[in-house]
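First chain A sits with chain B, and in the next complex the same chain sits with chain C.
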Partner chain A sequence: MFLNPYYLQIGSFIAINALLGLGVYVTLSTGQLSLGSAGFMGIGAYTSAILTARYNYSIPVGVVFGALAAALSGVLIAIPSLRLRGVYLAIVTLGFGEILRVAFIRLENLTGGAIGFPGIPKLGGTILERLKASSAGARIFSSMNGNALESLLVFAILLCITLMSAAFFALQANSRVGRAFSSIEMDETAAESMGINVYYYKVLSFTQGAFVSGLAGALYGHVASYVSPADFTYHRAVEILVYAILGGAGQVMGPLVGASILTTLPEVLRFMSGYRHVLYGAIIVLSMIYRPQGLIDSETSDWLRKVFRRKRFIDGGVK
Partner chain B sequence: MEVLKLVNICKSFGGVSALNGVSLSVKKGEIYGIIGPNGAGKTTLFNVATASVRPDSGNVVVNDEDITGLPPHAVTKRGMARTFQNIRLFNRMTLQENVMVGMHCRTGSGVLRSVLRTSGQRSEEREAKIRAMELLDFVGLSKYFGKKAGILSYGQQRKLEIARALATSASILLLDEPVAGMNESETEDVYHLLTAIAYRGITIVLIEHDMGLVMNLCGRVAVLDFGELIAAGTPSEIKVHPLVIEAYLGSERG
Partner chain C sequence: MLAEQLINGLTLGSIYALIAIGYTLVFGVLDIINMAHGEIFMFGAFAGMLMSMKLGAPLPVAFLGSVALTAAMGYVLELLALRPLRRPSGNMEGNAGLSTLISTIGVAIILENLSLKLFGAENQPFRTSFGNVKFTIGPVNIYLIQIVILLASGVLICGLALWLKRSRSGRALRATAESPETAALMGVDTKKIITTAVVTASAMAGTAGVLVAMSFSNVGTRMGVSMGLKGLAIIVFGGMGSVNGALVGGIILGMAETLVVAYGDSGYRDAIAFVIIIGVLLLKPKGLFGQNAS
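Our next item is the complex of A and B:
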C-alpha cells in the first residue's frame, strides 16, 4: 500500500506545501504578512525549469539556483517595501505576485507563456536511471515496479528536504536570531531600542521566506514536470497562507500540520465530488472560529515535545 | 566628564514646537532628573536622545561621539539604553528571554552559527542565560525567570524593563517614569534599585513626576516647560526657583 504511487504523490505534494507553509511561517515570525509566496514559487520553478530543460544543468543545480533567484528577488522586494506593515505590506506583495504572473505569461520565449512550460526533467526519473546504471542497483531495482519506486524516491527526497528545512527553522527560532525575530514581531520599537537592527532582520526573514518558497517551486516543477502561470496565482498564495495560519503560524510544527491536513482533505473528500470544496471551506472556517491561533500553538508544541522526551527517556531506560 | 550632551535640540511636530533649543549635559555616574508638567517635551527629549526621533536641529553627543542621525540600535550599541513610559516588554516571551534580547548587541551568533549550534554559539548562549539570571536576581525577579512577561504585575514589569535595559551593558540608562503608577513600597524598591545601579557606575537620566523620588535621588535636575529648559541645578535650587514654581503652580497674575 505504501508503494501506491497515488498515495506517494499526495505525500510529495504535502512535503512541497509544507515547505511553502514554512516560507509563510518564517516571514510572519517577524510580523510580516506576505502574499508573495506564489510569485517566489514561480520564480523558483521557472528558473530551475529553464536551467535544466534548456541548458541541461542537473536538477540539484537548477533547484539551488531557483531558490537563490527567488531569494534575490525577495531582497529586492524587501528593501523598498518593508517600511510598510501589516495589511499594506500584504497588498504590495500581492501586487508583486500579480506582476510576476503576467510576466510569466508575457515572457513567452523564456517561460512558454500561458501554454506553460512542459518537459521539465523529472526528479525521480533521473535518479532512477542513475541507480539502474550501477550494477548493484540494477540487481535490486529490476524486480520492482519502476513507477512505484520512482514515486517513493521522489517522496523520500522531498520529505528529507522539508524536514531539514523545518529543523533549520526550529533551531533558528531557539537562538539569538530567533529571539530577534520574535522581539520584532512583538514590538518593533522596543526591539530597535534594545540594539536590534530591525531592518536587517526583517529583510533576512523575508528573504528566507522567499528562498524556501522558491525551493518549493523549483521542486514542484521537477515533480509535476509541467508548470504554467496558472500554478502561481493569487489563489495559490492565499492557499499557502492558509496552510500556515490553520496549522498555527507561531510554531514550526504549525505549517507542517496545516499543509498535511489541507493537502489530504480534498483527496479524502473526493467521494463528495462537486461538494468537496464546500466542506473544505467549511472546515477551514470552523477551525478558525474555534482555534484562531491555529491547531498548533506554543502549548501544544510544548506538550508534544514533552511526550516525545518522555518516550525517548523510556526507550533509553529499557536498554 | 560629560557622558551625554544634548546641544541646542529643536524639534517640532507639524508646526507645534515640542523642543526649543534645549541643551543639557550629564556627568558620568550621576543621577540626573528631568521634570516638568505634562506635555513639556520630556519624552520627546528622550526620543531624540535615543535617536528614535530625529531632531530638526541640534546634536546628541554620547561619550564624546556625535550620534545624531544614527539609527536607534546603533545608539544602544554605543552604551545608552532606555525604558518606556508605557511599558514595552515582549509579553509572550519569558522573563529570561526578554533580558536575553537586551544582550543582542553584545553577542554575535548569526544564522549559520545558530543553526549549526557551534561550540562558540552554545557557550555564548549559556553565558547569556547565566547573565540574564544575574540581572533578574539583581532586580528581584529571578524566581519568575521562566514565566511569560505578560503575567507580571505593573511594578514588576517596570523592573523587568530596567533589567532588560541593563542587559545591553549600557553605561547610560534613560528611564521614562520608572515609578509611575507604583505604590509607596514599590517606589521605595525602585529607589534602592536605582541607587544600586548608580553604585555600579552607571549614569542614570530619569523622567519622573514623583517629586519625593526626584529630590532624594537626583544630584541635578532639569526642568522643562513648553519645550524649553527653564531651570537646571541641584534639587534644593530647583525647589525655590521662581520659574519652576510658576510652571507648576501658575503665576500670581495668571
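Our next item is the complex of A and C:
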C-alpha cells in the first residue's frame, strides 16, 4: 500500500508543491505579492537540467546551482521592483514569468524550445544505481520491487528537503529576521523608523522565495525527467499562489496544508472525470468564502502546536 | 504599408482598451483584479460565434445575446464569488483583498474548464457575411470589419466615459471608487454600484469578445487567458482605475504588437506587453495615469 508508486508520486508532487507554496509564503511575509514563482521554478529546472544532462554534473550540484540561479534572478527582479506595491508587483512578476516563458520557447538550442527538454537524469534512478553498486545495499534491496523503491526514495528525499525548508522558515519567523519581516508587512514606514533596513529585508524575503521556487523547479525536473515551457505558465504561477493563500499564508504550515489538499484534490475527484477541475475551482471559491484567512490561521496553528508539543515536533514538522 | 499597419494596430488597440476598461472598472470599486475577466470575454466570443454560426442569428442579435450572457455572468460572479467575501468586519487575518483575488481565480478555473467541456479545445472558425468587404483609399485597404470594430469600441468607450462623468450613477460609481465608506455615508447604495460596475465590465468584455472573434475570424478557449494577461498589462501600464490610462495603454500596446509582428520577430509578440510595462513601471511605479500619492 505505502509502496504503491502512484501514491508515492502524488506524495512527491505534494512535497514539491509545498516547497513552491513556501516560496510564496516567505515573499508574502514582507507583504510582497509575487506571481513569479513559475518563472523562478523554470529557471531552476532548466539550469539544473542543462548542467546535468549536457555537462554531466551530478544531480546535487545541478539542483544547488538551479536554486542559486533562481535566487540571483530574484535579486535582479527584487531591487528594481522595490518601489512597486500590491497588485503592481503581482502583475510585474507575472509579466516576468511570461517573458521567461517566451524566452524558454525561443532559446531553442539551450532549452529545446517548445518541444521541451527530455532526458533529464532521474533522481531515483541515479540513487538506486549507487545503492545497487554497494554490496550492502544490493542485499537489502534485492528483494524489493525496483520501481516502488525508486518512488519511495524520491519521496523520502523530497519530503526531507521540504520539511527542512519548512523548519528553516519556522525558525526564521521567530528570529530577528522574521520579526523584521512581519514589522515590514504591518507597516513599512513604522518599521523603517524603528531602524529596520526595509530594502534589505524586502530583497532578502523575495530572494528566499525565488531560491525555494528554483529549488522546487530543479527537483521537479529530476523527478519528471522532462520539462517544457508549458510547465511554467501563468496557470502554474496562479496555482502556486492558491496553495499558499488557501492553506493560510500567515503560517509556515499553511502552504504545506494547502499544497497537500490541492495536489490530492484532482486525484480524489477523478470520478468526476471532465468536470473535476470545475469542482476544483468551486472548492477554491467556497473555501475563500468560508475561510478567507486560509485554512490554517494563528489559532489553528497554536492549537496544533499544543497537540504536538509532547511529541517535540517543531511547527514546520507537522503535516 | 505603414498606414495599413497603423490601422491594424488601432483596431487591435481599441479591443484591448475595451478589455482593460473592464478590469479598471472593477478595480476602481473593489480594489481587486478580477482574474475571471478574461474567461468572461472568451465566453462572450463563443456566445456570439455560436449564435451567429449555429443558430443563424443576424450579427446585431448575436451581439446583444452575447452582451446579455456576459452581463448575466458578471452578475452571478458578483453574487456568488465577490459579495460573500465582503464582510463589514470579522476575522480578517492578513490581506483581505487576497481572498477575493483567489476567489476570482477559482471562478476563472471553473469557467476555463467548463468552456473546454462545452466548446472543445480546438479553435473554431467564425465567418461573417462581410468578412472580406474592403475599401481602397489610395494605396490603403480598410476592411469593413475594422470600421465596425473601431466604431463599436469608440461608441462604447465614449458612452462609458460620459456616463461616468455626467450621470448620477456614474458619479456615484466614482465616489465609491474614491472611498466606499464615505460614499455610503453620503447615501450611495454601494452594493448596487459595485454590482453595476461588475456587470458593466463583464458586458464590455462580452462585446470585446465578439469583436475579437470577428477580427480574428476564429475563436478558441485559450484566448481568455492571453487576452486577460494583456488586459492586466495595460491597466498596470496606464494606471489602475484610470479609464484614460486603459484607453491609451490599449492603443499603444495594439500598435506596438502590430508593428513588431510586421517588421520584427512575431515569436516575441506575447512578451511585448510585459516588456513595455516593466519598463514603464520602473520609471513611474503607479503607471502613466496613476495617482502618485499612495
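We adopt the following convention: the second predicted complex is superposed on the first by the 309 of 319 C-alpha atoms of A that agree within 3 Å, B and C clash if a C-alpha of one lies under 4 Å from a C-alpha of the other, contacts with A are read in each partner's own complex, and residues count from 1 in each chain.
The working rule: a residue touches a chain if its C-beta (ideal position, glycine included) is under 8 Å from a C-beta of that chain, and two chains touch if they have at least 3 such contacts.
As the structure is a prediction and not an experimental result, all values here were calculated from the model.
Answer with first, second, both or neither: which of chain B and chain C does A:178 touch in the superposed model?
Touch partner of A:178: chain B, not chain C.
Which partner does A:207 reach: the first (chain B), the second (chain C), both, or neither?
Neither partner.
Give the label of whichever partner, chain B or chain C, reaches more residues of chain A.
Comparing touch counts on chain A for chain B and chain C gives C.
Thinking of the overlay built on chain A, is A:275 touched by chain B (first), by chain C (second), by both, or by neither?
Only chain C is touched by A:275; chain B is not.
Mind working out whether A:95 is in touch with chain B, chain C, both or neither, as first, second, both or neither?
The answer is second: A:95 touches chain C but not chain B.
Under the stated touch criterion, which partner chain does A:29 make contact with: chain B (first), chain C (second), both, or neither?
neither
Taking the contacts chain A makes with chain B in one complex and with chain C in the other, which residues are shared?
298
In the complex formed with chain B, which residues of chain A make contact?
The touching residues are 168, 171-172, 175-180, 182-183, 186-187, 189-199, 204, 298.
Which chain A residues qualify as touching chain C in the complex?
31, 33, 80, 83-88, 90-92, 94-96, 98-99, 102-103, 105-106, 234-235, 238, 241-242, 245-246, 249-250, 274-275, 277-278, 280-285, 288-289, 292-294, 297-298
Help me check something: in the complex, which residues belonging to chain B touch chain A?
Touch residues, chain B against chain A: 50, 52, 71-73, 76-77, 81-82, 84, 88-93, 97, 100-102, 104-107, 109-111, 114-115, 117, 121, 124-125, 128, 164-165, 168.
Please give the residue numbers of chain C that touch chain A in the complex, ascending.
Chain C residues touching chain A: 27, 32-33, 35, 80-81, 84-85, 91-103, 105-114, 117, 225, 229, 232-233, 236, 240, 267-268, 270-271, 273-275, 277-278, 281-282, 285-287, 294.
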